[in-house]
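In what follows, chain A forms one complex with chain B and a second complex with chain C.
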Partner chain A sequence: MTVLTRGAYAAPGTSLNFKTGNWRSTEKPVHIHAKAPCHAACPAGEDQQAWFAKMQEGHAQEAWLNLVTANPLPAVTGRVCPHPCETACNRAAIDGALAIHNVERWLGDEAIARGWEYPVDAPAPDAPAVAVIGAGPGGLSAAYHCLRRGLKAEIFEALPEAGGLLRSGIPRTRLPRETLNAEIERLLALPGITLRLHTRLGRDVSLDELNQSHAAVLLAPGCQESKHWDVQGAVPSDLHEGLALLREFMDHGAFPEARNVVVHGGGNTAVDLCRLMKRAGSEHVTLITASGLPGPGTDPDDIINVVPRELEEALEEGIEILDHATVNRLIMKGSKVTGVEVVSLKKEPGSDGRKRRVSFEGTERVLPADMVIPCIGERVDPEGLNHLLDGNYFWPGTPWGKLEDGVYGIGDARGDRGTVAGAIGDGAKAAEAAATYIAGGQDPQLDTREEMPAAGLNPVYYALSPRAEPPKVPPDARDFGTEIEGDIGRDAAMAEAQRCLSCGNCLACDNCWTLCPDNAVIKTQELASDGSHYLFDLDYCKGCGLCAHECPTGYIQMVPETA
Partner chain B sequence: MQDQARLAELRQKFGREPAAPTEPRPGERTPREAQPRFRGLESGHRACQGCGEALAARLVMESAGPDVMVANATGCLEVFTTPWPQSAWRVPWIHSLFENSAAVASGMEAAMKAKGKNTKVLAFGGDGGTYDIGFQALSGMLERYHNILYVCYDNEAYMNTGIQRSSSTPHAATTTTSPAGKERMGKRHLKKDLLSIIAAHHIPYAASASVAYPQDLQRKVRYAMGIDGPTFLVVHSPCPLGWRHASALTIEVARKAVECGLFPLVELERGAVTNIMPIRQVRPVTDYLKLQGRFAHLTRDGDPRAQEERDHLQALADYNIQVFGLAGDGDDPADTAGVTTVGRGGPLAGRAS
Partner chain C sequence: MRDALEGSQAIARAVSLCKPDVVAAYPITPQTHIVENLSKLVAEGDLHTEFVSVESEFSAASVVLGAAAAGARAYTATASQGVLLMAEVLFNIAGMRIPLVMTVANRAVSAPLSIWNDHGDSMAVRDSGWIQLHAADNQEAVDTTIQAFRITQETELPVMVCMDGFILTHTMEVIDLPDQATVDAFLPPFEFARKLDPQDPKSLGTLVDPGFFAEVRHSHHAAMAKALSVIADTDSAWESATGRACGGLLTVEGDKDAAVGIVAMGSTTGTLRAGMAHHPDAGPARLIKLRSFRPFPAQALIEATDGLDHLIVIDRAISPGLGGILGTEIAAALADVPNAPKIHNHALGLGGRDIPETIYADLMAAVTDPDAPLVFDADMAKLAPEDR
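Then we have the complex of A and B:
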């Protein structure tokens, strides 16, 4: 005989019959894949968070495979990109941004060394073919992304070699030719890409013909023509334009002699030229730029458009930079320059809201100069493209670069670009738009997800660890052939990846699963690696918000119950 | 059969759906059932949103179970887990009185011994049930050297009956029986140093833990489970209702209590301090106080009484830091920052690097 106590008993776990989920008053937790800031800032569209995640799991090859779904040239961009991703990185506020470019470069080099294959299939024999003009980074990326979308690509390049400015502009000390060649060659070897060298649009083939013969045309001609430069009407008789000088140097290895060089302009061409001329023996090399140098007081829009590391190295090497200044007057002896008059200036807001350049009276000074080199940028060579240009560039206005039905503009030629990564991203977007156009659809959708700010993370859960620093050739040992910045190597690259905060994306830390007072977070497998292994059981979640608060990455957010 | 009849009668009387056991259903496992941990305390309990005590008990059960039985003193934990005819527990569990969970557990342990079983007995109580009314029973249990792990869920007041002060309520906190006002700045007396009293019983193991450091808490439970004899654990468990903080801040509040030194995490064996959790970065007590409504009267600017009480609490925290040597020297994977560090795939603490 059983005698029951007063309260009797209940069967184990029967509280599950009572759904506390209806206690939630206003908000419920959801998993939100916000964009990591690095990804949002990457002109090439890489998702650094995603590939760092693969490395955190120990899979370098998977990381590279993820990376090249956006950018087929990581060994190149890892060396030359101004890496806005690092500027945007949420870790900058903690103990230094991730050394993204160093890891990207290591992955790129590793892929070349180990012969990892691009994750693309050969297009079907009857796949439509797209014509690509220009084999610079924009054109190469466009061709690659056509393949990823099942299309064939035929590249037309005016010059005898592919590479664009990667080959003709960027010095070897920053981008060794072996690396450039290796990465470009493996891309061009993909089945479905044909490269026609010595073939110039406007001379050997016309846009009309290409429109007839191909399903779409992607234009990546870059900017090849110098813009006109004078100072109050004066032009020295022996004028050398910056990019032309650089190209000559790349081909012949020598500069015209000059003791005091003044470079006028701002940007990578100007800085590369300054550094090479100084190394080649010029005593004083001065860069005069209307922009400002990076610093706490400088408006981001006003900062000189140069890879930050390059600027640092230039200063190390003794290049003098006069920022917020311009050349006011050339001082000539006959038709030869002997000096320049410099004046301070700044971009000030005008009454129409647009910035205008104001030079400040009383700041004029004279510098001796036996050579003044303009580096004020180039324009699209209009031959064969005249009807598509709006002034010097295409200015397509949309991210897809559409100029006409089935015709897209990419890279520097757009007018609103200027980096290798920008050209690569354009190539991907134009290929995507062309693919939907060929399939008879509208422009694709942009990714409008929110970005995860540093304030959305819970920093308590991350350990401090310093940023990896690559080896570097010291300033006095730099020459014309040796790469200045070195490789960080496997160990440092894998360790650096561990520093990634996984902004906006689950890192499977188990915090939510461990800390929910209501067991309303369910983990579906013992070893999780990402957010796909956690569920909310809204039957029991009381909406306390604790999980969202303790999620290090911001992957859990509380949203209104009705959403 | 009498059982069934009586149950039916009671259910009839209380007008509730008959509760059927949800498990086991062979061959079919829901994601909840398939989780890789022991579910000693299930969902559906009636704790408030963000309840620190519910979390603490679940964490304890996870690492103590499954071969355990529990004696649970009256208090929130008992009430919210067992709204008859349902129970959130998935182990044998007995509700004692408010004052005698240690005594009931002692009897359970003796019964297990008599039956030749190894099932470990746990005794649970709130701070009221431990520091105050159940203290005598607890002292007896320790002295008689029962093989029991006693866990005190310390939410620093009698929460279940409406936030009355206990001897565990911190100095200067407002409760319904120590209200802040013209006469007093909250509780006049100090928080009882229970752990020292427990340790004076010369038991094998007594420790404090916090819900903010679940891995540390669970390590301490596992360690105590391995000891044949009386062991004691007090777990700092914020109560959003009684402490008056947002339910999302439970862990943050608990963490700051440890980081400022007001709730030291220490381990004592045979009366001697054998381990502490070093604080990587000691923070001022105001960081902790300002998150909670029960200390709101202390954060008023320009009130000399508030200033004095803040300084008093800071002095108490400094005292703890000094006496236990809590200030860390150099980074330690087992200090407050080290144990919280996560990496992809979980906490880094205890992982081979």
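Then we have the complex of A and C:
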């Protein structure tokens, strides 16, 4: 018979003997490191949340080292990327997305200024060599990631300089030459990368030869040929096609003179050209695009594919944009254009029931134009690789870009890309797949983790703080050489990092540990196997879900007991 | 040493003589001067104790609970709403059988708001399981406070020393404060067998299933019964040490052969004593000063009331819907006594209503008035007819 201690004092260990864990019936808490939406959205495969975490600890160099495990060109992408990471950022709904591209740019510039070394070792002397076609962002990334995987990389570039579209297709006002050169030079100086300039595929070297001499071939040729453009068969005799015109300007610094310019297309090149023509003295510059402008009523897939801030700046500078419209007819005087008939587009179901845009009869109007510039896109130059193309592009169908055994397609030439970051990400993936292939394995596994949605966070634990804004050259002071967007500087970059919500990852905030009513969260000195500092003691967790609800980042989730 | 001291000041000095390890209290009228004087003693270096300034009575009670459980002699004081705010903790202290001493400077309980004296506050927690001793004057309050530290140690029951707010706490009286050596000899060092010890861990206040709760309550009740003799014996020991006693459980004085008896607690007994002396025409009475309200000394009361025809019981609180609390309890105690006196129960002095000496004559006269009201000194003219 139990004899009570006076005052009903209990023997020690009583509370530990109550295994409240057996009250748990349906759900238990687990740590799930979901992808942060920035990471999920990044075509280059950066984990912005991970490098922001290093910034939050005050370690800028560690942040850069993490960043360049995915993207070796942050000073470039920090300037030219349309930053889908910011569009996806869960903070957008609270007080503005993080200024990720500004911080990335600062880190890239800082690495150049301080000479931080890329975290790669020289490949072994007998390491297999991979051939990379094209020294644009995709090819450079592919070569770099080959190095990261212990392979040598030999880059073949048709032009006299490396850089690809970064050099030929992006104005200095967006990407200064000094920055581009500095970052590319650092990359090309890495031991194990060889660059063969003036070497064109199909002319100077063939794919068969490369297949013989190299363990794998990574194709990043870009899209060099303009697609054919005419309006009902009419083409002006002095037609300047968009990318060629841009290249001409980049090489010679001069544009043909025109008073009224119409640019037809909907990409960055089109917007860049509009702005440069306006700055060069054209009175009216009009962009005609079939896409829509960003706004509450526009379907995200329908928005014009342009870096958002570039679009804003173009509007600031007085570029007129006719959205959901197309060129219906060219008004010619002889073989020269004098005007353009524009028609609006409306959505109508086609014979297959799917809606498509068709001309809206009766909306035709005429714009005076003494120059029309088509910017409707480019295709792969088929020389030397025609047998790999499916129409204009590779269309490889998998993220790894496999075209044949040991041959991979990267970047714009794939047909389903269109950004520098996408090409960089392709380069990483193709290098990974090539390394696995060379080692005799199958395609690697994709990271299939879930993405952390805004609804999975508990935002009450974050203090509001406004997004950092970079300095900008005012519209009337913009020229052809000065970079328009400025640097935010160390203090703002470090402060901006503090705004990161750490979506899906543990902040070590102690909320779970503090709030668990059963002391079923155990804090560990060393990192637990999942990388956090906490363990769940399921003997005492009664499944109340308080920890999951109060976890700011959604790192704790309740899952069915049987899971 | 004899000194003219305010009641509160005397209590602070008495507590100081008992060398508490921890004092935690929150000021509330009319207890404030006790806490003030204790903190002054600490500030002047005369009292070496952990004086914890808390933000509420709930915390004050919680602090002394924890301190005592950790093996410290601990003291607190409060009144009125403070008692009510402490109520949850007071039940815990008693249920866990924690030795503690608390002064209650008795004050009416709100609403209506009243800062003045009655026994409504300590009566509200009469079932908490604390020993409740009532002091009739400030000398008794001092002596009872020192005794309380010895009683609580011996019984492992917390002791509430009740003294009438303002009437005692704020009144200057010549007090004979014992010297330190006397108190040290009377009061052994604090020992608590079940004190918390990291080397020998225990859990307090844990869940007890229905298979054990009744036993815990039985044991608490039995401990209260055993405490009756401890209270009486401690008072005797105090008398041996100082030559003064407080009357153990109760005191019988006045005309022991009178047919009418009067029972009262606290400072009312002094008023009645004077009333009897100054109003001889009203007739003699046997005056019973009840000191121990909890444990309730039923047997001592039966003996003290033996031979009486009438017993006037004075309450300084009221249980609305029942009547007087002390009166009801004495009626129950005498229920089986053959020829028990007829009980006349009156509530007096509620919310600080003055009790004049003349009340003695009025009470004696009312013995023959079958319609004498429960609230004896209520003036019906102050009430609307429908509220009388």
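Quick note on the criterion: the second predicted complex is superposed on the first by the 533 of 563 C-alpha atoms of A that agree within 3 Å, B and C clash if a C-alpha of one lies under 4 Å from a C-alpha of the other, contacts with A are read in each partner's own complex, and residues count from 1 in each chain.
One rule holds for everything that comes next: a residue touches a chain if its C-beta (ideal position, glycine included) is under 8 Å from a C-beta of that chain, and two chains touch if they have at least 3 such contacts.
Small disclaimer: the values here were computed from a predicted structure and weren't measured.
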Chain B versus chain C as contact partner of A:A189, first or second or both or neither: neither
Touching partner for A:A455 - first (chain B), second (chain C), both, neither: neither
Touched partner set for A:E57, first chain B, second chain C, both or neither: first
Contacts of A:A11 with chain B and chain C, given as first, second, both or neither: both
Residues of chain A contacting chain B in one complex and chain C in the other: 2, 4, 7-12, 14-15
Of all residues in chain A, those that touch chain C in their complex: 2, 4-12, 14-15
Touching residues on chain A, where the partner in the complex is chain B: 1-4, 7-20, 23, 53, 56-57, 460-463, 498, 502, 507-511, 514-520, 522-529, 535, 537, 539-540, 542-546, 548-550, 552, 558
Touch list for chain B against partner chain A, complex: 2-3, 6-7, 10, 17, 19-23, 31-32, 34-37, 39, 41-52, 54-55, 58-59, 81-91, 95, 211, 214, 240, 246-252, 255, 337-338, 340-348
Residues of chain C touching chain A in the complex: 95-98, 156, 194, 201-206, 208, 212, 215-216, 219
